[in-house]
Each structure stands twice: as C-alpha cells, then as structure tokens.
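Below you'll find a set of structures to go through.
There are two complexes below, and they share chain A, which is joined by chain B in the first and by chain C in the second.
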Partner chain A sequence: MATPRAGEGLERGETLRVQGLDVDYVTEEGVVAAVRDMAFSLRAGEIVGIAGESGCGKSTLAHAVCGLLRPPARIRRGRVELGGQDLVGLSERAMRSIRWERIAIVPQSAMNNLSPVLRVGDQIADAMLAHRPGTRAEAREKARGLLQMVGMSRRHVASYPHELSGGMRQRAVIAMALALNPEVLVLDEPTTALDVIVQAAILGTIRDLRDQFGFAVLLITHDLPLLLQTVDRILVMYGGGLVESGSADGIWRRPRHPYTRALLGAFPPLTGPRARLEAIRGMPPNLLRPPAGCAFAPRCPLAGEACRRQRPPLAVQGDAAAACWRWEAGEGEG
Partner chain B sequence: MLELVFDQVTKTFRGPNGTTATAVDGVSFHLAEGESVALVGESGSGKSTVARLATRLERPTAGTVSLEGMPLQAVADLPYRVQMIFQDPFSSLNSVHTVGYSIQRPIAVKERISSPKARLKACQALQRVGLTPPEPFMEKRVVQLSGGQRQRANIARAIALSPRFMIADEPTSMLDVSVGLGILNLLVDLRAEEMALLFITHNLAAARYVADRVIVLYRGTIVESGAIDDVIQRPLHPYTQDLVAATPDPALPFVGGRLGDPETVEVGWCPFAPRCTRRTARCETPILRRVVESGHSVRCTLYE
Partner chain C sequence: MRYSARYLAKRLGFALLTLYLAATADFLLPRLMGGNPAQALASSTGLASPATVAAITKEFGLSNPNWGYQYGLYLWQLVHGNLGISYEYYPSPVSTILLRALPYTVALVLSATVISFAVGWSLGIIGAWRRGAWVDQLGVGVAFWLYAVPYFWLAMMLVFLFAFLLGWFPMGHALPSSITGLTPWQWVAGAVRHGILPVTSLVLTSTAGHLLLMRNNMLTVLADDYMQLARAKGLKPFSLMFRYAARSAMLPSFTGLMLSLGNVVGGAVVTEIVFSYPGIGLATYNAILSHDYPMIQGAFLMLAVAVVAANLLADLIYPLLDPRVTLH
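== the complex of A and B ==
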C-alpha cells in the first residue's frame, strides 16, 4: 500500500522520512528549541517507538509529522517526506487530503476527546464521510467492521463514549484512525492512562493489524520497557534531539548513549536482582537556552570538556546510532 | 505489636436513584510496624478506597479498621500516627500558603510548640526529603515547584508528624520515570526508619521495588497475597497471572494481553469470572482466601 509518489531518494520500503527537522516554539521569552536536527525513517510494516521523558520533543515531533503544528510552534527547517512528497509547507487544504487518508494520528488522551453527544459509530462514519463519498449507512456498516477489527463488538457502533471503558474508547479512536487505511499510524502515548492488561491487549491488536495491513507505526511513549518488548526499532530522544536509535533488541542488549542507559536503569525490573537504582541527577535542559554541547552533558556521568563544547554527531554503526562523544568509554561500566 | 488491621471491611457508596456501588468488599489484611506492603490493582479495583479507609477519610459500611486493637473511629490522634501521600502532587498542598506554612502548622498544633521551633522541624523534614537547602523551599508556594519537588514537599508534610504508618496512594504515577524513581528511593529510605508503608500502585514492578509483601485487589476483593517475589514468579490467581504477563519486562517476550473488559458481574460469583478463561460453574460460589503455602494465599476455586 505504500507506493512512493515522487520516489526521489527513498530507500526500498521507506514510507516516511524525516530529515534535518527543527521545530521552534516562539514565545515571549524567546525561542524554545523543541526539536533539533531530527532524522529518521519508517519502513512499511515497521513499528518504531520513540522514547524519552516529558519535554524531550516526542509529541511535538508527532504533530510535526502529521502537519498539526500551530503557532506558537513552527517548523524552522527540515523535511517530512511521505512516500517521497515533502509535507512541510503544504497548505492546510492539501494537508487535509493526506492526513487521515495516508497518515493518521491518535493524539495523547484522544480517548477522552470523543464527542460525548454522538454515538461512537457516527463519529467514525463522520470521519470517513469527510474524506470519501458514500452514504451514511455504508459508512456505519464500515464502522461496525472497524470496531470488530480492533477487538470490540459490532454493536458498539451504537454506544456513546460514556458507556465504554477507557480501553474500549481507546480502541474506538484507533479504529477511527485506521478507517481510511493509512500508510502510517502515529500513536502518542496510546496506553498511558490504561491498565497494563488492557495496554498489552491494545498493543497486541496493533501488532496484529500491522501484520495484516502492512501500515507503519510510530509509537510514542515514555515507557521504555514497553517499547523494548513490543516494537521493532527505537528512537531515544533527549532535549529535542535524537540521542540513540537501534533495534529494540540491540538497545536492550547494548545501549550506547549514557542517557539511554540511565533511562533504562530508572525502571524497576519485574524479575532479576532487586538492586537499588539511581535516578538521573539534575534536570532536563531548558530549551529556551539549550546547552552549547551535548544536551545531556550537564547530567552525564561520562561528560568531559568536549561534550560541553560541541554537540556530538550521530555516529552510525550498522543499524545502530548514538550521538555521544564518549559512549565507548562508558561501555565497560554498563 | 502495633498494627493497622482491616477486618472484613466493606465500603458501599450510594449513588443517585438508590443505586449502590461496592468499592471494597470484605477486605482483611494487616500492616505491622516497620513492614512494607504493596496493594496492587487496576483502576476501579478499590485501591484508593482502601487508602481512604485506612486514614479515616471514609468510614467502612461493614467491618472494622483498627489501629493497635482500637477501632479507627476511636483513635483521637490518628493524623499523628497514620499519614497519607496522595497521587496528585499538583493539588494536594494548599496553593494559598507557602510550603513552609503547610508543613510547620500541623507540627505546631500537634506538639504545642512555638512557630520558630515548628519551623526548625519543618526544615528538617524538607531536608529529609531532599529539598535542600530547606530555607528557600519554605518560602515557596506549590506553583513554584516542579512535580517531583511538590511530591517531595507532600512527603515532608506527611513525615513531619513522625507517623508510624504511611499510606502512599500512587505517589509516582503522575511523575516522569526518573523523578518517580527518586520518590520510590525516598520511600524505601523512610521505610528503613521503621515506618510501615502501604504502597498503592498499579505497577507491579514498582511494587516489587518498594515492598516485601503484595496484596492483589480485583474489583474490591483480595484475590491473592504473598511475598512479592513468590507472587511474581508463581502467580496463582488467573487475574494475577494476566497481570504479571502484561507487565512490561524487556527480559521476556511480549505476551499480548487478553481482550475483554469487565462488564457485568453476577452477584455472588467470583468477580473475575466474566474475564476468566478458566471459569467453571464452581465460580458461582467463590471460596474464601486459601493459604497455599506459608504466606501465599489465593481466592480461587482452582485451589480448593
């Protein structure tokens, strides 16, 4: 389903490619460097997770990718290519024919933003009818199928949101996002407010649907252990930039960036030795005045002079990459 | 032995038009001095109601909560002996007052001491929770603090009265991972000072980090309890088994959770029966808690 349109420079199977993306928030106090030099790509059928703590730029990136940034946010530079077509700078009108049809987002706490006065099925039907011609009866029938696809009952088309649990409402908004068969599905903290059993069920459903339909998924969450278990590839963000990327397995076995290691070490394990864990000291950087060198340097146990002076480039090694001057020095202490 | 004891405690809330909802149903457990127990369950399992019953913010509909053999209703100085940390650090300190006032005022009232002396003790409490140096924090209002700092201030307020029992209701669920870990470490350290802790959480891994024993609550009833590593390594109740399987652990492969939200619970049946893959007709009359081996008990007809 991911047919590259212009196709220039796209690698085989690549559906979304972000290059050199900078996003600012222009505030009265100055310019907040929310995302800096972000680059990654997504292949058809791939689930890529974005991990990082609050304020690292995860949600800003998700909105930028879907053309949903509004002032005071603005894209300073960079490209967001979907099937080879750059989405940056497209008119809202042009974007409307792409969003939902080709790239769909389930924003954070979307399950709480369903209209309380409309039946779930009608809300899904409205979304479809806004983009595709058809009758309401057909759209509603399609909605029944979509709800069933995400593990709900067909009769839930007639339910109002308040009649459904949080997990069911979240399934309904995922069904809505998949209604037009997009190439890319962006999920921003889709299970954060849900219980773990419901979370596991929803992620299981997303993986099954990905296998069935072949769409790519960008899954944003602060829950790194969850990503390690459920996605193919992970991007770790810190202070608005990409600090590490690699296969989930690679990041679990051999995290390179000291921030990735510190973040991994902040989640108590369910099994294994019960040792005391150390929280990351200090505070995330103030992106109004981002540090000159590596954004993590002020909190990093390995940081040296070079780290404070100059921002490290992303050093690529096979399918893994880390932006750190000294990661090899830290490996022995892993 | 100083203990906080729940004995067959039930709490039913009345809704409009004569509807009722039983949040806690025949719950019995004890928290001994210096012990650390985790109460784990999903949303709606009754965790917070247990916390509120333990601090007398709610009165039981049936059964008794007692402290050192005395019903909670009769304990005159309860706030000095049992304290609570709430889930939402953003709304649990009065934003009109300075942090210092919120902490020192209860000390002054309890110990009938002058403000300067109470102030000194409040500073010590702030120091204890890692808000150092304490003086500038004393003068701040909560809106000037980050989420992690607010939760530390809440803990300072709670420990300033030197309670023997601390009820922590999801104290890290609204905080970033690393900030939350700092709070968990603080709870572990406070607990080493012989303060008993009832740690309420939906996160089994966090429970294991803080507590020695776990009580698993499902729809208001205790379905399983035991030493935390026993329960995680050998969960007996089908609900606990699902919970352990669904908790992210990168060391293990992903097991997709099972579908099915609880809808209706037949009166009298095991509350997990509607979601249980191993239900039988016998689940109609659920058994009482059964001790399977020392300290590990379960409430399920599979273990009759």
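== the complex of A and C ==
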C-alpha cells in the first residue's frame, strides 16, 4: 500500500514537480480558467492518481505536463519541472526531444491512438528511431520484446491496429510509451473504454512494470474507486483546482473535502450492505466565470457564507491536504 | 498477398463482363438511331449508284439486316481488334485513326493529370498542415477562384494572352506545321512547346478539386487521436506530416486519381477544340458532328476499356495502401 514519505526532504527522489500552474483556454467568449494554481510532485516509482469529473481540468493538466497543449490552450503561469528542469516555455524542438525520452503519455481513448495504416511494430519503432540512432530492424526487434513485456504476443509487431482488440491496442500504446524507459508515465483515462476485467489486468501490468523499472506514474481518471485500489497517492481536482490530496488509504477511510465524499458516495460499493447512491446535485462550475469563493460551494451541502466569498487555501495536515473552509473549522469531518 | 486467387479471378471476370456489356451497348446505340449509313455515305460522295451502295453496305457488314448476325460479326471483329471502317475517313479503319490520335491525347491529358494531382495534393497537405497561414489562405482562395471560372474561358484567355498577344506559345496544334527535316530533339521541343498551354489550362482547372479534397481529408486526419500520440512520441514534423497524416489522408483521393487515369484516353474535348489539338477528344467531337458511328463506337469502346482497366487496377492496389481493406 501507500508509503507516505511527506515531510522528508522535498527534493528527495522527486522526478516531476508542478508548481503554481495556471492553464487558460483563450476563447471568443473569454478566458476559461481550466487549471488554477495546481501544485503536486511525483517521486520516482510512485503512482499518483488524479481524480475528478469531466471538465475539471485533469486532461488539460496531463497535456500541460507533457508540453502538448496547443492553442487555444496556454500556460499562463507556473512551472513544470522534470528532474529540476522547467519545461514551461521550452521550444517545440527542445520539448520534442524530452517527450517520450523522459516523459511519455498514454492519451485518452487509446483505442484510436494508433494509425490505422501502419503496423503496430513500426509505430513503436518510429518512437524509438525518432530519439535514438539505430536501424528499423533493431527497433522492430526491440518492439517485439516490449509487446511481450506488456502481455502481448511477439508476433503482434506485424499486426495492424484493426486486427487487435481494444485492450490489446491499449497495451500496445503502453508498450510504445515504455519504449525509451521514461522517468514519468502519464496515463490519461487509459482504461475508460475497456471493461473492468481488462481494466484491472492492464493496471496490474502497469504496477508490475513500475516495480521493475521504477518510473513514476501519473494516472488520470474520473473513476475514484479505481484509483483507490491502484495508486499510492490521490489528488482530487474540482473546477480546475486541487481540492484534496492524500494517501489512497487516507482518502478512502477519511475523505476531508465534501466533494471527495460526494464522489465516493456516487459509486456503488461492491461489498457490504446495499446503499442508496448519492448523485452530486447541480452542475460543474462554468470556468468562463469561476465562482469567487470555493468552486464547489454552489453544490456543497455544507457551504456557508465564507465558502461563497473566498477561495479556501490548501491546508496541509501531515501527508494529507484539503482546500475547504469547513474542514478547517472542524465541521467538515464526518 | 492480401487477396486470394479466387478474388482475382472473380474481379477479372467482372471486369470482362462489364466490358462485354459496354460493347453491346455500343453496338445497339447507333442502330437504335436508325438511318442507313451506306446510303448516306454514297449520296454524300456523289456515287449513289445502287451497286456502290450495295458494295459499301457489304463492306460495313450491314448486308444481312438480321441484328443477331450483325452482332455476331461485330463481336468477332472486335475480338480481332477490328473496330470497323470510319464513314468520315472512308476507307480508313477506325483503329488506325484512333491510334493516330491516341499518343497526343495521352501525352496531353496524362501529363496534365499527373501534374494537377501532384500540385493539388502537395498544396492540400501543406495547407492543412499550416492551416490559416498565408500559404493555406492563398491556396484555398485561388483554388475556389479557379473552381468558379468556366474552363473554356480560362483556356481562351490563355491562348489570347500567351499565344496571341505575347506570342510565347503557338496558338494551337500539337506539332510545328512542317515536321520534315526536324531532328528528334527539335521534334520533342516543338511538341512540348505546343503542349504547354493546353496542359496548363487543364492543370489550372483540375488542381483546385484535388487541393480542396486533400486539404479536407488532411484536416480530418490531423484531428484524429493518433496524430496527437504521434506528436507526443517526439516525431519530427516531416514524419508526422507524411508518414502519419498524409499517408491516411490520401486514401480517399487515391480512387479519384485512378478514375482520372482511366479517363485519360477519353481525351479532353474542350481543350482539344480550343487548342485545335489532334487528340481523341477532337476526333470524337468531329465524329459526332459527322454522324461517324463506327468512330464514336470505337472511341467509346476504348474509353470503356481504359476505365474498366483503371478500376481493376485501383481495386488491386487499394488493399496494399489500406490494410483495413481485405478482399476475398
């Protein structure tokens, strides 16, 4: 389970550190504040999950971390440090050599992430050949090994994507992501379109590979229960900002933020007595005109006057943190 | 191989059936129009004695009025490469006339087709890649303008400007008026000089469509999920643009290319009229004006053969380009 090391030297074993990150979408109707004041860090070998509902900014965050934002999205402020080097503001050429070599992403809807007209092995080989010298034959041979590593057959190098199932395509993209042994692997809703059995198998594979190679994983999903059983640490995002972070265990046993609690209540428990599912009332905030106070206040059963007036800061307590006025006041604990 | 021998045989058989039906339609059409070509020819040449009419009727294979007999004769001649005798250029065989015009047409239309696809695809790819940049805006703007301009007007303006006013190029025809005593090099140079204006006119009008289609396909592909992953892999722009994007975007355009290649032997009627270019198009046009049925039949049949062959070829090449297509 989780091995919380917070409180020790901040730099120790840290590979990725995001600080004060703001991402905007500049649209005709105005500036959408997609990510606000985001901060977290990832240690080598750690699996950190980011949870939140659609539109909370988690995919934007994943793209920002990998330097993949394209207009109209832009980083307004903040740092994304990889091994001490700030990636924000790097030229496209400099970013190109870092991507995949040091930070790789498995994007959303991985089913469609492979070109339909090129062989899987060649698409993996392309990633290797773009960064390292070598022949295509060597790269293909290495691709065979990678496919085997993620639980596929070596002969699938010669397959076209349409010949593979969704789960296998997903595994192929993961094999591709690991081709250059990156320090950080970003998984953006990697298993959304897959059934739970395949989901569990793929995440199991990722954990095994993490144990073997020691890369850090940033796993982004709207599926909080999935994170609870997969990751070491969880960050909960709402309305573009971080509302709670803590060990998976801690969040499961004692969620601090009312949104986290609501999110946990929205999924059925597989064991124990049958309980009525609680849907979260209302709609996610309009980030074109974000609320002045806590972004969750309009939907929060505990919201008070202070919540609507001022945005709560992230209050740290041990290895956990939450941004909630109510929690500080002691009323949020339940 | 991505297709079986069985598929190959089936596809080939289908092509032959199509050709047979085209040939049959070709046989029926002039007969449905009525009239007696032998009498028409004999009277037009002022040799209208009954003996002459009978002789010509026999030569045209019309002495037996039974369509079944004529049909059999027609097919028999066809299989032996005999397309009949031209009414207009009596007694030259149709095949001779067509074969004389064919090289000009193929040189003209083939080069125009190849150039317009090459230019249209390149500009479409670059335009989509740099969407909204000046090269894209200029390309799309000019393409729409050319698309809207009537072809004959464009061709005539080219002749007026570059041949009549400036005198850079000849006004028409495919070769200098006297070709005796020309060295092979001079002959080629003359042919190219005569070809530049008609080829340019064809390229200008047909490029626009290829550009717009390719640009659209390219934009669709660029928005696909796999392009983002390809970018995230750290691929160089060249590889992204061609190996990943254009490679997929060309698939819908490929069919258009093959069909255009099939239509090459049909000639470019308006071009050949405007530039007095002695190709198949002009020959067919004249044949229609002078009711030269065997000529029309021959030209149509040749076109049918070329289109069917191009289709067959396209069907055989396509699975090699798109692995999702397998043929059984």
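One rule holds for everything that comes next: the second predicted complex is superposed on the first by the 317 of 334 C-alpha atoms of A that agree within 3 Å, B and C clash if a C-alpha of one lies under 4 Å from a C-alpha of the other, contacts with A are read in each partner's own complex, and residues count from 1 in each chain.
Note that in this section contacts are C-beta pairs under 8 Å (C-beta built on N, C-alpha and C of every residue); 3 or more make two chains touch, one makes a residue touch a chain.
Since the model is a prediction, treat every value here as computed from it, not as a measurement.
Q: Here chain A is shared; do chain B and chain C fit on it together or clash?
A: fit
Q: Is A:173 in contact with chain B, with chain C, with both, or with neither (first, second, both, neither)?
A: Touch status of A:173: second partner only.
Q: Can A:151 be said to touch chain B (first), chain C (second), both, or neither?
A: The answer is first: A:151 touches chain B but not chain C.
Q: Please tell me which partner, chain B or chain C, touches more residues of chain A.
A: B
Q: Touching A:207, do we find chain B (first), chain C (second), both, or neither?
A: first
Q: Of the two partner chains, chain B (first) and chain C (second), which one does A:113 touch, if any: first, second, both, or neither?
A: In the superposition, A:113 touches chain C alone.
Q: According to the stated criteria, A:137 is in contact with first (chain B), second (chain C), both, or neither; which is it?
A: In the superposition, A:137 contacts neither chain B nor chain C.
Q: After superposing the two complexes on chain A, what is the shortest C-alpha distance between chain B and chain C, in Å?
A: Scanning every C-alpha pair, the shortest chain B to chain C distance is 7 Å.
Q: Please report the chain A residues shared by its interface with chain B and its interface with chain C.
A: none
Q: Chain A touches which residues of chain C in the complex?
A: 224-226, 228-236, 239, 243-244, 247-248, 251, 321-324
Q: Spell out the residues on chain A that touch chain C in their complex, using ranges where they run on.
A: The contact residues of chain A facing chain C are 66, 68, 96-101, 104-105, 107-109, 112-119, 123, 126-127, 130-131, 160, 162, 173, 176.
Q: Quick one: in the complex, what on chain B touches chain A?
A: The touching residues are 42-43, 146, 176-182, 184-185, 188, 202-206, 208-209, 229, 232-233, 242-259, 261.
Q: Touching residues of chain A toward chain B in the complex: what are they?
A: 53-54, 151, 165-168, 195-205, 207-208, 222-226, 228-230, 252, 262-263, 266-272, 274, 276-280, 283
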